[in-house]
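Multiple structures are listed underneath, in structure tokens.
Each of the next two complexes has chain A plus one other chain: chain B in the first, chain C in the second.
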Partner chain A sequence: MADIKVAAYICKGCGLGERLDTDALVKVAQKDGKVPLAKSHDFLCNAEGVAMIRNDIANEGVTHIMIGACSRRAKTEAFYFPENAVARANLREGVIWIRPDTDEARETTQEMAEDYIRMGCAEVKAMTAPGGNPVTGSSKTLLVVGGGVTGMTTAIEASKTGYPVVLVEKTGALGGWASKLYKRVPVHEPYKSPADTGVGELVSQVLGDSNIKVYLNATIAKTDGAPGRFIVDIATESGATHTEDIGAIVQASGFTLYDMNKLPELGGGKSPNVVDQAGLEALAIAAAAGDGVIRRPSDGQPVKSVVFVQCAGQRDPTGTHLAYCSGYCCNTSIKQAMYFKDANPAVDTTIIYTDLRTPGNGEDFYRSAQEKGVNFTKGKVVEVVPNGATSTVKFHDLILGDTSAAMADVDLVVLATGQVPNSGVNIEVPAAPAEAGTVEVKPISILNLTYRQGPDVPQLKQGFTDSHFICFPYETRRTGIYTAGPVRRPMDIAQAREDATGAALKAIQALENAELGRAAHPRSGDLSFPKVRLEGCTQCKRCTVECPFGAIDEDEKRFPVVNESRCRRCGTCMGACPVRVISFENYSINTVGAQIKAVDIPDEFAEKPRILILACENDAYPALDMAGMNRIEYSAYVRTIPIRCLGSLNTIWITDALNAGYDGVMLMGCKSGDEYQCHFVKGSELGRTRLSKIDDTLKTLNLESERVRDLEVAITDIKRLPEMINKYAAELVAVGPSPFKGF
Partner chain B sequence: MSANTAVAEKYRNNFLKEIEEQVEMGDWVKMCMQCGVCSGSCPTNFQSAWEHPPQELFMMIRAGKREEVLTSSSMWNCTSCYNCIVRCPRKLPITHIMHGIAEYAHRLGMAPKMQPTRFFSGLFWKNCTNTGRVNELKLSMGLYFKDGFVQGIKNGMAMQAVALGLVKAKRLNVMELFSGHKCKDQKGIQAMLKKAYEIERSRKAAKMAG
Partner chain C sequence: MTEHVATNETILVVGGGISGMTAALEAAETGKNVVLVEKNPALGGRTSQLYRYFPKLCHPTCGLEINLRRLKGNPRVRLLTLAEVTGIEGDTGNYTATIKIHPRYVNENCTACGECERAVEMMVDDPFNYNLSQHKAAYLPNAMAYPQRYVLDPAIIGTADADRAKTACKYGAVDLDMQEETIQVKAGAVVWATGWQPYDAAKIQPYGYGRFKNVITSVEFERLADLQGPTGGRILRPSDGKEAKNIAFIQCAGSRDENHLRHCSRICCMASLKQTHYVREKYPEDGKSTIYYIDIRAIDRFEDFYQKVQADPSVSFIKSKVAKITEDEHGNPVCHGVDTEGYKRYTTPHDLVVLAVGMEPSVKGINIPGHIVADSSGFIEADPANGAVFGAGCASNALDVNRAVQSATAAALRAIQVVNKVAKAEA
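Our next item is the complex of A and B:
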């Protein structure tokens, strides 16, 4: 470590000066923190205070700064020293705001503040100022996979923003599903009749844009690299491969209709007069090209009665068909019923639904259909029995309770079968060997990523690609690769266009950040990145397996290769590493470990227990800060250290803390599982998997299992967290002091 | 051919269309979206008499259950409180539709003959158009004897104390039983009603004939 000079600054503003003995804090920094330069200031975040720090950097050679003031989440603009390592001791939200202003409390409050000063000084010494990822790329080109409405919109929006686009479409023409529609659900006033799809306009806009390069009949043969420096091989029909340098990728691979042949009880595949919604669109287009009369496929007779079966193979609780609602089909069936009614009001059109879902302006569209005489029947279709040229639709009438209701002599039955995402290979399911006699249908990879963790973007539920529903809807677990449109969740054209625009902007952010060596969301702009001390690596592969973002590949000797631009800086690799060779410049086993060891542990007779809190900085730490802002009091015996993610938790910290004589350790991470709230998707889950083995550690130390507590915390737990802390502190009193004190 | 079989033949499988064309406000039936707010708002709360709540009646019309709808006593139970109209999110004039369906069933001769509301309506109309004035004594007695002589005596006995109280308070005149008060120009009233009947009959006949 080259010459470092640490300076500690203690603020006296915001009541810190009145509530705490700041002179004592300065002494603690000098004596225990061993910093050569320690000062206090009346109002550290004002121009004068900041000028003082800047002056010390310029004239005193200060390289490392410890600021004892407010939470690290506050005053980030004032305390912005990008050239220096900075640590913050949270004396305001973390100490005086959560403690009562009484004479009895003064001693424990002061002890708390002194510990945070010791921790801050220890932390900053273990840090270096992050310098940014050196392996960057500068490609500004956006790759859009899929030439449907979503893909074309993404391309147009990105091009409008000034970024070149490469658009790859599997088929021979742009347009996707929307080009196969006769008309679309209206999106403008008065929402009364089907409207033109507008696809032709989109296509000509894409083709006429010199900034957009279109590959038709093409697929992605290989995607290599990282954001800012993807190298993508595009295979075309002719067999030729084109290589493009790409900055970021938007996958808009769309959907396929659920196969109606899987619904023989609803007549799927049994009669030409039972069609899915795409089948009806084809009939409507054929009719529009002729005399405008939609005809029965079997014999070409005009359709006089048509029944629409909603939720065909959808919202199925048995697990046989789709479990979800595709959301758009109600409006689509209403639109298709209007095809008939608008041409000839005498045609009987009945929509059999269980719940008609027409959100927003769809309600006006629904009402318009009722005015046009489309019949709406609430019921569940049990069976469609084709009989010659007509069919009988048997259903359970849910209003009249009639279980054997039926409509006979129906010319045409339309099944609303819903969307199945084209999300490529499910990389989390190992390819099962084909059973004898069955035809194996292998999903084809969309992106063909050369990543260690598999060729496609991970899926979350029901085959839809992952997206952080709560915070970052377009994000996938592959940095710089965004999904948009129905591949992400079922949606209609209007939603897909909105999605496409959002994804385009996110992709642009990603490639710009990548060029500057900075992290994409959620630590957007972070210049630190994981460094692996390869000489200590045992090639155990935990980091390459666990990285939630597929950032780490393996070289031929099975050493980890970190692709920094793919990294989101969560630190899961650091937490996973059993030999602790992975670290960030400003966040490492040491920065946290040194803080744990810096806390002054009173002996067992002092009756002052110490509880270590390792809190996720995205949710738990802000919640604790907000508890402070709301002046909700909690125990003075806790010492809180923010960590980037529960996934970055290395169990050595817990062992260290318990060995040092802490009475208990509280871990605060986000909800994991399918309904995750973790900013890093899998981080908290991986952290908890690691923690499941912590009981063995406790046993070898001969400690009670109550000494470690894992809490699932949301950012809204502002009132609950202090309660949990106080409850745990009381429980620990019952357990008794740690036997490790005083060693 | 009765009026009923004639229209039934005319509309064959399309009862909804029949209701739309023949029933006052019947063209609103198709606009119901089955939310059930009308049923929830009804103060009669579907005691035993309400066999089918309004939205169910509308669904039955759409499902073509002609016989069941027209012979139902349900729409006769509406008290015209207008709660459902106020609350219907689709702005259906439910009260008016209920009365419309009831009137149509009555016109076709399919309404339940002894349904109390229907019976009372007939009684009231006859009573007040007879002299141009409502004869309350005759009206209530008519209602007492709706279900036969014996039941009428029983009803009368049960209400004896009330009746005597009314007589004492001079709210009820026993002499009304014999002639009762009348309006001045009885002939004029009758002529006016005759003309009104004529207009309505021709209008409805035209509708039925289509």
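Our next item is the complex of A and C:
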């Protein structure tokens, strides 16, 4: 390793010079921080201050920079030294802004600042500027799984951007569900009538594009590797396997209509004259090929009355059928009612619904249907009774309050049954052992990933492979693999095309960044990556099991194999490792541990407790910063260290802190559980699971359980956090000083 | 962050809300240079003014923090704030945008120390709180503001307060001579992400917005609930500061209405369902919410959220388009109408009425070449006639945050396709 030279810069601006003894801080950096070059400056973030630092880098050989000024979240443009290791001691938001400007407070405020200088110096010395992951791949090809509207759109858009595409479709033809539609819901003004599906055009665009290689009757037999260097085996009907080098993957495996045979009470499977929406499309296509009249399947008589049953097997709170709404079915039923009305206004068409859901310009389409004479009845269908060639639809009329309303002699009933995602194997549910005498039906994997954590993308609620993040809808838990279309959430053609285009961008971005050795969202651009010191590894597999992104596999000797470009740099592996052999260049057991040890612990008679705060850098740390910006005071006894995620918490930090005489440790991480807010998905949950075992450690040390406090924190806890800190500090006074002080 | 020179391989993104930030960041993280233009002094847009998101009830500032960190670390995005695009000339792959930059009166030396704010006395309306409160005329737009730099309100210029601000700043950051500038920026493609504005509730005459103090809009209600808002997160009614515990939510206020907005704004049902959570959060014992609705559009996976609210005894649903609102002698707004489930007439007083106002696209009065093809509501349509100007987010449709981000990501790709073609032609 090249020689390192550390320099410490202490700012006197923003009141730091008045509130703190900055000369003493410089001395602390030199003496305790053992930094060869330490300076103070009146206004470090202005052009002159920054020029001073740049000059030291250029002419004094400074490689490592410790800046004692404002928070790491402030003045990021000024203090931008991407080639160097940089630590920021937060003297402004973290010290003077949260302490009163009084004579009594001056001593403890100064102690706080001096500790942060010691911590910053210790941290930066333990860091190296990250150099980027050397194991990159350079494949620029996208794999698109699924040849429906979503898959074809992804392929076309990626190709238009200049990237080659391999498209794999399991059936013998492109087009998917949309190719079975007679017409689609309109997407342009005037939103009044059904429009051409446009599928034929998409198919010919795909087939005519030499940049898109199509495999029909094909499935993914194996997906190995990582973004930029996936190796994918494609099995074709003939039995042959083709291997493709792939940079990133878009899974557009679509949906299956909910099976109407599960709805016998609604006549599903009981009469040919009760169909689902796909069945009606088939009848409409057959009619268009003939005389334009939609006919009753049972006897070929023209349909004179049709009832559409909305939410059939959907929005079901009992858990028997689908719990969700598929979103598109209201517009689809309106469209289908128009098939009849546009051909023959005399046909009686009724849509029975509880809430009609036609967002955006769907409202115009809905209005158009009303103008065309489609009846809309707010009601809940209770039963469909087929009776010869017709059916009786019994429903609860919600407007009239009539619980026994009925429509008799209905020629055709259409059940709007909704979408079930084709998500492959749910890797988080252990395969249930087959009951004796039954045939075990296993879901078929879509991607057949060779990942240690399972063959498919993890699912969210109700089987969709969606992202849980409102702000970041594409963030699946497998880097470089994006899902799009109805496999991600229920949607119509227009949304699927938009979704496909966005997914194409994310896939392109993933393979480009993989080649550069950079992380994907949310630490996008991060060049650090986990390094495992295998000599020390005990093959315990915790890192491979816990990684929220399935980045770590195991070799034949069960040692971890980190696939760097699958990694999102949360540090969960580092937190999980009981023998502490995993680290990042700029974030490690040591960068945090050295800070913990650098704090000066007063003896038990000083009555100055010390509380360590390990705070999630995305939510808790900004909340503390904003408390400072609002000048909300809190205890001078805390020493805060931002961590990438609570998931990166290694319990050695807690043990070290307690052994060193800290009186308490506060951990601040995001909400975990079903409605988690952790941006590394499982990070805070895994951190908390680790913490749940900390009581044993405390018992071994003969310490009270109050010494460690776990807090669920949101970024808005600007007022709450100072209160919690002060409360905890008071509680610790009652518990008494740590017995480990002075050892 | 940097001052890279815009060329026709640059992508211009107009609007720095969640859609614009997303389009800019996604393009920049794919290796493209971006100029991001925001008319307000800080990024974040309308989502940053929300207290919580549906359906997770998480806080928008959490995602904003991530996006800001992405931005701070990415030299490919050049940010212009207080800036408005006043015209675009040229064609696909070769546009020149004219951008007017309003003076901030504070330069990059600002450390956000707040001394200028303490020095001045003048108070002005705070648009971040929809003018429900005032702030100093030297201000940081909000706690999450990026750029983290103060602003002087133009009203202060030429007053003694302005000189006080200048004197208070030890860093030479206050520059009272700053003038409006107009610059021109080259771009190969444009992402138009100017978002939406709440429909002007005063136009819905029978609801009395503007006449009755206790009739407010859904966006204003977000600020009341927000811990950083004008009431510190207490739901107090504007007329007398009394705790508002019995709250009516009126759906389709302006939406689905031929006299106002013809479209359905998509988000309002979920927003009101979400806001009933605020009522319960603040008044767990005796908070009461009533939703007046036509259809509850808790579309697709949001259904379970709706079901949870339905199961909440403190929330009632009345299927009715409220006919009119009056005010009683206690200042209570009174809703009048007919419950269509059973045809029952009602005259019901509430402490506060929240109008779930519709979403109107902000695309207005902009000189975009060739006239942008928009639908009858004003949303930008996807149309070849638009050249390389791509609508994103709520400039293109009534969308929730999740869908707006999807739309912005798609728009970023369309823009990249254009600049890649330019790059190839020039290579």
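Keep in mind that, in the parts below, the second predicted complex is superposed on the first by the 733 of 743 C-alpha atoms of A that agree within 3 Å, B and C clash if a C-alpha of one lies under 4 Å from a C-alpha of the other, contacts with A are read in each partner's own complex, and residues count from 1 in each chain.
Methods note: a residue touches a chain if its C-beta (ideal position, glycine included) is under 8 Å from a C-beta of that chain, and two chains touch if they have at least 3 such contacts.
The model shown is predicted, which means the values in this text are computed figures rather than measured ones.
Novice: Are chain B and chain C a fit on chain A, or do they clash, once the structures share the same frame?
Specialist: Clash.
Novice: With both structures placed on chain A, which of the two partners, chain B or chain C, ends up touching more residues of chain A?
Specialist: Touching more residues of chain A than the other partner does is C.
Novice: Examine A:E371 and indicate which partner it touches, taking first as chain B and second as chain C; both and neither are also allowed.
Specialist: Only chain B; A:E371 stays clear of chain C.
Novice: When the two structures are overlaid on chain A, which partner does A:K160 contact: first (chain B), second (chain C), both, or neither?
Specialist: Touch status of A:K160: second partner only.
Novice: By the touch definition at the top of the document, which applies to A:A405: first (chain B), second (chain C), both, or neither?
Specialist: first
Novice: In the overlaid three-chain picture, which partner chain does A:A221 touch, first (chain B) or second (chain C), both, or neither?
Specialist: Neither chain B nor chain C is touched by A:A221.
Novice: Per the contact definition in the header, classify A:F43: touching chain B only (first), chain C only (second), both, or neither.
Specialist: Second partner only, chain C.
Novice: Considering only the touch criterion stated at the top, classify A:L356 as touching first (chain B), second (chain C), both, or neither.
Specialist: In the superposition, A:L356 contacts both chain B and chain C.
Novice: Once the two structures are superposed, pull the chain A residues common to the chain B and chain C interfaces.
Specialist: In chain A, residues 356, 367, 378, 399 are touched by chain B and also by chain C.
Novice: Name, in rising order, each residue of chain A that touches chain C in their complex.
Specialist: 13-15, 43, 45-46, 70, 73-77, 80, 157, 160-162, 188-190, 315, 317, 323-327, 353, 355-364, 367, 378, 398-399, 401, 461-462, 464, 466, 468-474, 489-491, 495, 498-499, 501-502, 504-506, 508-509, 512-513, 521-522, 524-525, 618-619, 622, 626, 629-630, 670-671, 675, 677, 679, 714-716, 718-719
Novice: Where on chain A is chain B touching in the complex?
Specialist: Listed in rising order, the residues are 356, 366-367, 370-371, 373, 375-378, 397, 399-400, 402, 405.
Novice: In their shared complex, at which residues does chain C touch chain A?
Specialist: 1, 18, 25-26, 29-31, 53, 56-67, 69-70, 72-74, 108-109, 111-114, 140, 143-144, 148, 170-171, 226-228, 256, 262-266, 295-304, 307, 319, 340-342, 375-377, 379, 381, 383, 397-398, 401-403, 405-410, 412-414, 416-417, 420, 424
Novice: Under the touch definition given earlier, write down the residues of chain B that touch chain A in their complex.
Specialist: Residue list for chain B touching chain A: 16, 30-31, 33-34, 55-56, 59-60, 62-63, 65, 90.
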